Amino acid sequence: MKKKKKLLTFPSIIVLTVFAILPLIIMLVYSFQSDSGSSGVTLENYTNFFLKSVYLKLTYRTIINSLAVTIISLIISYPLAYFMAKKFKGLKNIVMILILIPFFTNQLVRVYSWLIFLQDGGVLNSFLQSVGLIEGSLGILFTQGAVVIGLVHAFFPYMVITIYLALERVDNSLLEASSSLGASKVRTFFQVVLPLSMPGVVTGIMIVFVPCLGTFVEPRILGGVNGTVIGTVIEDQFFEIYGWNFGAAIAFVLFAMVIISMTGLSRIGRRYDNE
Amino acid sequence: MANIKLENLTKRFGENTVVDRVNIEIPNGTLVSILGPSGCGKTTLLRMIAGFETPDEGSIFFDQDSVVNVPANKRNIGMVFQSYALFPHMTVEENVAYGLQQRKLSKEEIDARVKQVIDTVHMKEFQKRKPKQLSGGQQQRVALARALAISPRLLLLDECLSALDKKLRVEMQTELRKILEESKVTTFFVTHDQEEAMTLSDFIVVMNKGIIEQMGTPLEVYEKPKNKFVASFLGKANFFQSEDGTSFAVRPEKIHLSAEEQAGARQEGVITFITYSGNITSYTIECDGEAVLCEKQNVQIRENLKKGQKVFLRWDKDSEIELADE
Amino acid sequence: MRKYFTDQLIPTVYALMALAFLYTPIIVLMVMGFNESRYNTLPFSFSLEWYSALAKNEVLINAAINSFVLALITALICVVLATMFVLGMKTLSRSMEGLFRSLIMMPMSIPWLILALSMLLFIRFLDLDKNMFFVVAGHVVISLPYAMLSLQARIQALDPALEEMSASLGASALSTFRRITVPALAPAIVAGGFLAFMISFDNFAISYFLIPAGTSTLPIEIQSSIKFGFTPEINAISTVIIGVSLLCLAIVGLIMGSSIENMIGGKKK
Amino acid sequence: GGQTAEEEGTDEPATLTVVNWKDYGSDNADFVAAFEAENNCKIVHVYMSSEEELLTKLKTAKDGDIDVCLPNCTILPSAINDGLLLELDTTKLTNFDSLYDRFKVQEESFKDGKMYSVPWVWGSTAIAYNTDEIAAPPSSVSILFDPEYAGKIAIRDDFNDAVMLAAIVLGQDPNNPSDLDAIKAKLIEQKPLNKTYWKTGDEFSKLFAGNQVAVGLMWSGQAAFMKQDGQPIGFVVPEDGAIGWVDTWGIAKGSQNPDLAYKFIDAVISEEFQYDWASTGGPAPVNKDAGEQIDPVYAASCGMDEESLNRLYFMQYRTDDVKKAWNELWTEVKAN
Amino acid sequence: MANIKLENLTKRFGENTVVDRVNIEIPNGTLVSILGPSGCGKTTLLRMIAGFETPDEGSIFFDQDSVVNVPANKRNIGMVFQSYALFPHMTVEENVAYGLQQRKLSKEEIDARVKQVIDTVHMKEFQKRKPKQLSGGQQQRVALARALAISPRLLLLDECLSALDKKLRVEMQTELRKILEESKVTTFFVTHDQEEAMTLSDFIVVMNKGIIEQMGTPLEVYEKPKNKFVASFLGKANFFQSEDGTSFAVRPEKIHLSAEEQAGARQEGVITFITYSGNITSYTIECDGEAVLCEKQNVQIRENLKKGQKVFLRWDKDSEIELADE
């Protein structure tokens, strides 16, 4: 009985192994080969990455950016998910659908729309000028700020979903019990709701932070001259100079960082999961 | 530690009026049991007092102050939920300490109090466990401890002992009674167990379909039930018709049975059914086609009445309970 | 009054603000679809020119239909795989479970570009033709983690007693699954399918590298037009897609009535 | 690919798979329809998003996947060296003789004396400017380094363009710069003057139309198109030169339809095709007959004239090491 | 409809042995109540019989067939969980019909049976509701109906009446008894209510810490408990020491109280506590520093004994229960 159930996990695992792991192994082999085509194993791609300050600098910039995006997403998503799970009644499904609908548009098109919206002389600028909030130009496009806005926009809805699902599981009678024991709404939140929704928060952080590390579209387009991040470097390697080996090496460094941060996070998640 | 007054308290869910113009006044420091059939509105009543449901009509006063607009966390009420509602991410200790932590006591005070309350409910050896690792009864005790720990001015217990076995239950009742007498906290106690209600409470409130059928001391409610519903809901009762058309009830234990004809016998019949339940044996006697229930305490082991035997029934005039017409 | 403030007003205002942020670029792109300027410049002057151009643009429409079909197939496969996985997951040992879970989540953590290229290399390594099978496989790989996320959250909330009860009433494992487990998981299945659909629908990298010649998807068309500048036809088709998906959801909502409540996440017990 | 069907006249049309840029002449609907009708075939377009990616496509393709492709001169030698292209027989191209002589002997198309691709169009990456803001055509690419236009400049996010541009300004040989450090310093110095580094033509055109960018590095073809569309855009190959490029057609090694492929190439280098496209906002023609028909004023305004042609530094093939070095340099500029 | 035999049944959770070498044989068609303190392993025992837990040791036989390897859905067992486990997405009707549908009966048969069982548990007016819209007691009745509907060969009831009020409970007990007698289905009944256990069951099993302390008819277990645990767990008991050092117990109802000195009085003392509980009044009497409990049925309303009064205690020799040494 139990054995049979275990078999249910296999199809997914097989699909992943065949269509992700095996191909990646081939890619991993590439990362240990020299760009110059000579066969044989080499670490030059990795040493190149770690010895050039430019890549380390970009890595650092990428991490800081991704952290900023994650934190801002959390600040936007948690209250929204909380209100949906605990305050809205019939409304919450409408809100949920409204949150998902924008994903039916293309990512590039959305990013270009931000470009139109944020540019000096664009919609936002004209609006703020006419209201009298600012004079002259806004100057927000082509800064890290614009990149963060674009990325938060692209990823926060996923976080809303994971947190919402976790909060839905927190039984209302627990909130009542806390309240009857004299806890204010705020304390109830921090001592009961938040810890119990922690698994969802952890997943949400992963679902935002991790893809952020590898993005290149938003930084390139919205970041202007400062939009270079590790994702765009990888993209350049593959699209501009045929540097697959080095590109693969960078990708695997990124992947290692992801694994490390995920391990750390899921450890936190597990602590709260252990009810 | 508060005098509680409910005035015209009413709650509707959609079309259903589940609590209907309830008026009660409970003196300071008394224990009131609420009895009533499943679904009659007991939990809803408690939830309104606790502040989790807003009444549709009526007021709630704690010592003359209307609390309808006071949020639940300011009412200083200890509540035990029918579903326990223990915090799943906290240990037993932490659950019990939770309410105290809200009150900004020192760590030592909290620890001491927690220890004391956990001892009271006999949960010391489980204090480091999480609720999921406890049996139903153990969880219930934690819920009780958590409510008691904060020394509330009003304690609301929603079937808080129902998952305990008799022995532990009697112990907990005694503890509860002791705690309540010491702390003089006014208590509402919802229970399905009439014996528990009668043993424990100063007053009993019998509810039915959202209204209060009768309120009084256990003696009053048991010996002088106002109507058929109360008479049959609280304890068992045999109903008879007098010659003048009014109806009255007689409790099974008030009926004397004898195998020999006796003076003043009111009915005679045949034993059709005997049920032994330890300290008591019940006899069902068929008299003129009506079943009459009669209970005898088993003061000796030997049984002297047999199934199919003819017996005579007698009761005192003042054991007859007159009932309001319905 | 205060209750109204904290329970209604603040949440509503907050949600509206978040939605405003979310819809800013969407509204911009919708508006620009009705703007005469091909460069999306202001001042705005209303025109349906791009919609009539779109109506004639079979390539774009076909690409959109392809994307839709591909996303639908991907979503169905993902839902089936993810459901099977979360059901079997409970029987795994803790360490196995952790391993398997991180395996499935992995595609989220690798840039899709890399995954796409490695799959392309893999196909070449196997000496196979590019075909739709691999496109679907690639889409499944990247969408599966998203489907899994919503299901995992839900399965933990599923009371094991329900399944036991069903067994004790004589239901076979299959019957229990169909009548108890699936309904309990339904909201998460729908939500997971929805997420997988969206991920696939919007994916460029995988389709681009793996798709056989002659077939195209909407993201590919858009990405390819961008070298010289895409026209507001793209805005127009995006607007149409949003409109259609809203309509579909509304219809589904009407048909399913109150059960739409449970569509996303839903309520526990 | 499929079977050539012309001789037998069967109903089953052959398919010709063409790798090209989207909206770049060869996928013009009218042209495609006419070609398909004439040759009873079906053209399948596969779009590329960068030159390198075309190489990827060729390398990972199986026989028959690709018939014709559109490599730029910068990657052409790579493709030829890797044996990805078929050797061409120019006698099969009826229009080959009409090409300008310089394109008949385009260096990158040859290896060991054998020809592997046919030039198709050429163009320049030079100065596009807003005629409302800048009255006279700039005479030097150094306008892109002029602080007067700070915040209104946009050069392209492309290591090749960037390095060549800086080399022109510094007086180095753009195809063989002598001092990369100086180039890097120059680019870093220029960096803050940019509004952005544009990546796609879409970005540039929208920013330009939105008055965000007044001057920048742009392709001649796109500038011509925008001008026709009514934008106040001027285009000039300045006196100190700019970057030139040549796009060529090749036949993929594994093509199953080489004859049809020849027909296709022959069609796109025909006088008619070349004139039609060049005069309506396309890049400059390689067909001499077509070139001579174009209005000289128009030609000058989009850098198609002889004078501009002579000022250009045509991009040459670069080895992987050079590309890597330039790319890294450019990455360092961007990361700065 | 099955003879059930448990042999050496053992279950451990980690280090804890929660069911410890249990041996029972239950004849066909009997009702066995399992009584024991909270956490003693009752639910675990039932879950092993139902097939939800695999025993670590021992066997389970239904009519000579070992079922240890039979999956739960093939055991044909009706079970009512402590937590009800109603299917939240189905109405009352659908819940009850579920088990029948698994048996491929015709729609008519199912409908008829569902109707009948729902009537039995008095849930007709709620049949279209979902479990969420029902009170705890109502839910419990649905759970019972669902288990009964499939006419199982073995019925496992885990505190299935505990959320009901006394009146409904007695009704349900009667119904249950009737149903069980008709269908002759063997039943295990876990309860905390000893009175319920004694009234209802053919046999009582008293468990403690995973082991069986005693098994027998209600009369045996109540009147001849083997040890102090059983004596005090089932009903109340006063413990005394004989001169020869052995200890014995006397049930409170077996003690005769009188204000006057009487022949054969065994103890004398002072009433320190009187508790009224409807049909019974309990007296706590202090005799030589020991509290003795004595219960009198309230056959009349007037009380004739007062707190502080001196009384004499007497009991029959054969009311003394000899206890095994511990």
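Per-chain residue numbering starts at 1, and chain names A, B, C, D and E are given in the order in which the chains are listed.
Please note the rule applied: contacts are C-beta pairs under 8 Å (C-beta built on N, C-alpha and C of every residue); 3 or more make two chains touch, one makes a residue touch a chain.
Keep in mind the model is a prediction, meaning the values are calculated, not measured.
Between subunit D and subunit E, the least number of touch steps comes to 2. Where touching is counted per the definition, the chains common to subunit B and subunit C are A, E. Taking each chain's centre as the mean of its CA atoms, D is the chain most distant from subunit B. Annotation: 55 Å between the Cα-based centres of subunit A and subunit B.
Subunit D has its Cα centroid 37 Å from the Cα centroid of subunit C. Note: centroid distance subunit A to subunit C, computed from Cα atoms, is 16 Å. Touching two or more other chains at once are residues 49, 56, 202, 206, 210 of subunit D. Along subunit C, residues 40, 42, 117, 121, 173, 223, 226 each make contact with two or more other chains. Residue positions of subunit E touching 2 or more other chains: 71. Pairs of chains meeting the touch criterion: A-B, A-C, A-D, B-E, C-D, C-E. Listed in rising order, the residues of subunit E touching subunit B in the complex are 35-39, 43, 82, 134-138, 159, 162-170, 192-195, 198-199, 218-219, 222-223, 232-236, 251-254, 256, 275-280, 295-301, 316, 318-319.
Of all residues in subunit D, those touching subunit A in their complex are 49-50, 52-53, 55-56, 78, 157-159, 191-192, 194-197, 199, 202-203, 206-207, 210-212, 320-321, 323-324, 327-328, 331-332, 334-335. Interface residues of subunit A facing subunit B in the complex, by the touch rule stated above, are 171, 173-174, 176-185, 187-188, 191-192, 195-196, 272, 274-275.
Within the complex formed with subunit E, the subunit C residues making contact are 159, 161-162, 164-173, 175-176, 179-180, 183-184, 269. Against subunit A, the residues of subunit B that register as touching in their complex are 50-52, 71-79, 81, 83, 85-89, 98-99, 101-103, 130-132, 146-147, 150.
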